[in-house]
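Heads up, there are several structures right after this.
There are two complexes below, and they share subunit A, which is joined by subunit B in the first and by subunit C in the second.
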Partner chain A sequence: MRPAQLSAAPASLAAGPRRPAWLLALAGLVLLGFVLDIALGPVRIPVLAVVKTLLGQPTDNPAWAFIVREIRLPKALTALAVGSGLAVSGLQMQTLFRNPLAGPSALGLTAGAGLGVAVVMLAGGSVANGFAIRALGLAGSWTLVLAATTGAGLVMALVLALSARVRDNVVLLIVGLMLASVTGAIVSLWQYFSAPEQIQEYLLWTFGSLGGVVGSHLAVLAAVVGVGLVLAFASAKPLNALLLGENYARSMGLTVGRSRTLIIASTSLLAGAITAFCGPIGFVGIAVPHLTRALLRTADHRLLLPGACLVGAALTLACDCVAQLPGSQTSLPLSVVTSLLGAPVVLWVVLRRQNIRSSLT
Partner chain B sequence: MPHSLLPTGRAGGVPPFFSFRRSFALAALLLSSLASAGQVAAPRATAPKAATPRVAPPKATAAVRGRTTVDFAKGFTISYVPGGKVVTILSPFEQKTTATRYLLVPRGAARPKGYADAIVIETPLRTLVGLSSMHVALVDFLGAADVLVGLGNLKYASAPRVRQRIAAGKIIEAGQGKELNNEQLIAQHPDLVMATGWPGEGLTRYQTLQAAGVPVMINSEWVESTPLGRAEWVKVVAALLDKEDLVNQKFGQVVREYQRLAALGHRAAKKPRVIVGLPFKDVWHVPDADSYMAQFLRDAGTTYQWDKTKSPQGSLALSFEAVAPVALTADYWLQTGTATTKADIVAQDARYAAFAPFKTGRLYNNNRRTNAQGSNDYWESGAVRPDLLLADLIKILHPELLPTWQLYYYQQVK
Partner chain C sequence: MALPSPAPLLTAADLVVGYTAKKTPHPVAGPLQLALWPGELVCLLGPNGAGKSTLLRTLAGLQPALGGQLTMGGVSLADLRAPERARQLSIVLTDRIDAGNLTVRELVRLGRHPHTGWLGGLSAHDEAQVQAALEATGTEAFAPRPVGELSDGERQKVLLARALAQDTPVVLLDEPTAHLDLPNRVALMRLLHRLARQTGKAILLSTHELDLALQAADRVWLLPATGALRTGTPEDLVLSGDFAAAFVHEGLAFDAATGTFALHAPTGPAVQLVGAGAAAFWTRRALEREGFVPTTEPAALRVTVPPAAPATWLSQAAGQPPQTHATIEELLRALRKTADAQAAAPGTSR
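Moving on to the complex of A and B:
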């Protein structure tokens, strides 16, 4: 990289005057995506009926009310939480590790959640613990959420404990990747010895889905993501300082250790909760920060954080619209669509703006 | 709800765990086979009598003594040639029909000429290793459970005689797929190893065994599109055991009883609307028009929303939203899968409580005959006793047609 590009990074910390307009436009895009996501689906419902239903008025077909209120609305709200949460946690990880390939799964949290779910799904009946969990009557959706949260939480505790000892962020990144590798291997081993029906259940979970997060689930997810986002927004300044390197940050009077803990906690909450409720949803966390940086042409996290929220939500809503394959009765797994649609978009942006790395380092 | 997920085996040569469809298929067929193998004796012992006695004189047993014909199944043929029999396993769903030929010759007799490509099996079988529980059902149907010396997984067997033999240590666990215990199987050298899988391609997985001189037969009963076609695979085992006369008589009874019940179902004045299976988050897998489950629903006298929708996979992966409108107003909900109580169902997703069958209590699961090991006889003996299964469905959907029938595989979800 040429020195000229290097110097571009600090320069872009200063936000231009037009950036808030961008944010407004993005907010409009999110709104549009939200409306489309509720209006479109396998079952064709007239827009008027959708609006009536949302206003609580009766429509010609009672099934429409069920579909809009119980299926589409919760799913669109989940998409908002998932999109913004993953995007923000990805942005934090990329800045913390100063690595464009980092994402919400970089700390091994997703893998930890997967291990938690595997304990319930694959070990149920064969290992005493799993059996006990089922016997307690916790079967069903909450069991999975609890298991995934426990898994992600354990990995998070481990990462936090290690981060106190490991000063170097690169080492921490490697630690996270190794944790993911180990938990992944344990899950594979479990699958190897499990009955096909159990593997099938687990496989379904690994596809990730915005569906089925309703009622109290949605409330909990929204609350946790909200807390995670608040923590993230609170660390906007430390993130800006970290962009310039830890030493520089320290020289600016930043308590690197505390900021780092805050960032890791926020990411863990976001990625852990989202994976717990929706399963692993790939790509959004890695791609959206790049898209946001390219769109806003800034490295200032005071803008990037809200920007990533909006881009993440808009992208997730758009992908969900496509995943529903309007007009057909089938829907596709969300993470497949996010990757299939998202990768070309990111490629396009990155290739157009070849100095994208400059906004990271 | 595995059976509704059955694919047709069109997937390419991808390892199962990397294909969604395929892992479903694998799960489905293993489960069905794991569970469906042991149980023909039990129905006879304890099954309640059908409303009318089964007709004794076989109708079309104009068959030659010692021979049988294939009337319903599309997945195999049996022909009788000088000096032996030829059993061909077909792949009915592929354009280029893959066929594996087996030449069955009496033990010790000379091999007839002209079948160079065929795998030779000496009959009658003395020992058989069945990797799936469907195989338990196949041999047990013919009262030949004693030839079983190995099973894929000892957990998945329901037939009392097979369980006794397992307890006595007379049946070894041979493992499944990658975990297949080749060394043990080769040392044991059974007369035949019966596996479940995709016709043709499936055999390559068992090259080690075949190289060691242990014949392997791939059973693909799960691709059949009718219940009788699926059950007719007992004739393959009958040919292997030289029990053609017995199978003609016993399978003939099943056919007559099934057809009598189906006639009842078709004549039913009301055709209740049914939904099948349990969704997972966004996806609801339902049987497609060509699945044997759809045929069951037709013969039981129901209105099934996807009765005309075909899919190359054998099941339809529908969006929850596409099924919900039907479920909201359906009359019955069948096969709620892993959810065995109403509380389970709500715990999976509170929205399911809005479905009409949930409110009226017209919810039935096929798990009545699940044993202590967790093996469900529905997938075992149910595969060869479609007559009992259909009677259950008619009893559930049209109780007035079979007033004295006691549910055998199904039970109400409470």
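Moving on to the complex of A and C:
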């Protein structure tokens, strides 16, 4: 799409001749991670068989084809949606708030989605005892998405309403953290008065998992993430204008209020839906935008958005490969792996950037 | 007042600027009658808190006017949609730029925002405008560099280039010379003056650089703390005394004879200064710094300036033989000693 067209201009060639190459390499990495993610697991499937199954050809072992189609492929597709969705959501938040620490989780968005899910699970569970996500039908998954998106959207609207009063980004971040804290406390209170079986279901949800999103659930997730991504890509131009801050954006003819709404809608859809189906998955939203900026060396969202999608998807697939603990029968919760891998990545980027800065001054 | 061009680009009638807090309007300045003509460099001067930034932000549409009419080419600015307005007015703000990853060219490209489609793709014409803006501001050489690596002076020129790329008849700048060293301040003012002449744009900037503004501006908008705006060529405003009056509240004494603000309050005796040229000018400055009151009238102390340096200064106190001094430093030392002696001895001129 845009990147190829952009790089055709001589000036951007001079600025970063390797950007299209980077995007191609990232796409290759995503493909590799995708196949590897399907191949790895309690039952190891040869890569060749994976590729054959994906291309619709018969393989030596019909069981492999079944595993790939019914379990591994949906999970890998979920990883794609989760990685790109969270990365794009984080990128939008960081640009909108002009804060490098912003992300769906840092501003209470994930906590808001969690509250929405808790409302459905714990309250709904008390009526129809012990209903798990997996047991819910299409109607149930829509309810979850709606609840999580509403929760995320409410927190986001609150953060934005406060951001109009609070110009300071650091203060706003504290506001977001406080909101997350309050939302978390409400969920805790709810848990305290709930039956143990219901809490267990919610706790499992908080560990984060890519599995279990199959069939109609996957279709719902893909549709919502797709809409969120389309909205995000449509906001590439406003996001670029917002790079210089709201005042400059307004002076360049941007209707800031409408663009904000668009960006919030996109972020809430992405973070809300992903959190609803897969649980809170930390660090992808914060780390990937930084990683993408460092790799592509640009601030142009027409490059950063696809870049963040690719980096996010590759990172999530890699984390899922690690989470399966290749060679063992057990697997780790995904949010644990993303945090364990993600935190050092953020540290590395931050420290490296500081080095660059100090060497320049 | 001679009008440089048939019609003004931007006019304001009874404009009241200010802010609204808790639904109560707080007017800062106004009602103002303003006009900006093409090809003019206008400097907005005034003490802190007079509402310079508020006025600029109101003109740029970043905050609503509390009253009055703003028209551009016969059309009310309030009726223009945001992108249309952005094709008429561009502004360089004092806001900090955080996007250090952005290259200079990418930042200047952002100026094309109101001219591009919904995806923000740049046409050949857009790229040509960007290139022209880079060349006009002399920033083309560092176009591939990240903005975060620029010096203050370079960054200011790049932000100006962004405003030029926006290709608007009116360009507003809020304190563009702040944070710049003297050579950069002079270079920027020279650049703005040249741009106004060459491109026919109306350029309005607020500044605290009174000396520079008096020299570079075609017209000055003088906004005193009282909010009653005076406009005119800088020279007219100086001679009418409006300039001195605008800054009197800040405890600044403007000297219309030299075009400077007195930095030092006179405390010492009068000194008759004899001589002309550069040496006389700098001797006068040195005497003022020391608290003496230089005058052309006869006084108890007299200093004769050499016609050209290097030479010797002559100083003479009443009833004393003249002394010679090789430098102003020596002259000042001797004068100080004489003044102290006169102050200590009763019955003298002091």
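Everything that follows uses one rule, which is that the second predicted complex is superposed on the first by the 260 of 361 C-alpha atoms of A that agree within 3 Å, B and C clash if a C-alpha of one lies under 4 Å from a C-alpha of the other, contacts with A are read in each partner's own complex, and residues count from 1 in each chain.
Here is the rule we go by: a residue touches a chain if its C-beta (ideal position, glycine included) is under 8 Å from a C-beta of that chain, and two chains touch if they have at least 3 such contacts.
What you see is a predicted model; the values in this text were computed from it and never measured.
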Next item on the list: Could you say whether A:192 touches subunit B, subunit C, both of them, or neither, answering first, second, both or neither?
Entry: first
Check: When the two structures are overlaid on chain A, which partner does A:331 contact: first (subunit B), second (subunit C), both, or neither?
Finding: first
Check: If you stack the two complexes on chain A, which partner ends up touching A:43: first (subunit B), second (subunit C), both, or neither?
Finding: first
Next item on the list: Kindly classify A:203 by the partners it touches after superposition: subunit B alone (first), subunit C alone (second), both, or neither?
Entry: first
Check: In the superposed arrangement, does A:302 touch subunit B (first), subunit C (second), both or neither?
Finding: second
Notebook entry, point to check: Who does A:214 touch here: subunit B (first), subunit C (second), both, or neither?
Noted result: first
Checklist line | Which of subunit B and subunit C A:63 touches, first, second, both or neither | finding: first
Next item on the list: Provide the residue numbers of subunit A that touch subunit B in the complex, in ascending order.
Entry: 41-43, 61-63, 66-67, 70-72, 125, 137, 139-142, 191-193, 195-197, 199-201, 203-204, 207, 209-212, 214-215, 324, 329-331
Note to self: List the residues on subunit A that touch subunit C in their complex, please.
What the structure shows: 2, 5, 9, 11-12, 14-15, 98, 234, 236-237, 240-241, 243-245, 247-248, 250-255, 293, 297-300, 302, 357, 360
Item checked: Contact set on subunit B toward subunit A in their complex -> 2, 17, 20, 23-24, 26-27, 30-31, 34, 153, 178-179, 280-283, 316-322, 324-325, 328-329, 338, 343-344, 346-351, 354, 374
Checklist line | Touching residues (chain side subunit C, partner subunit A) in the complex | finding: 57, 60-62, 82-87, 89-91, 93, 95-99, 101-103, 105-107, 110-111, 113-114, 116, 118-122, 127, 130, 143-144, 146, 148-149, 166
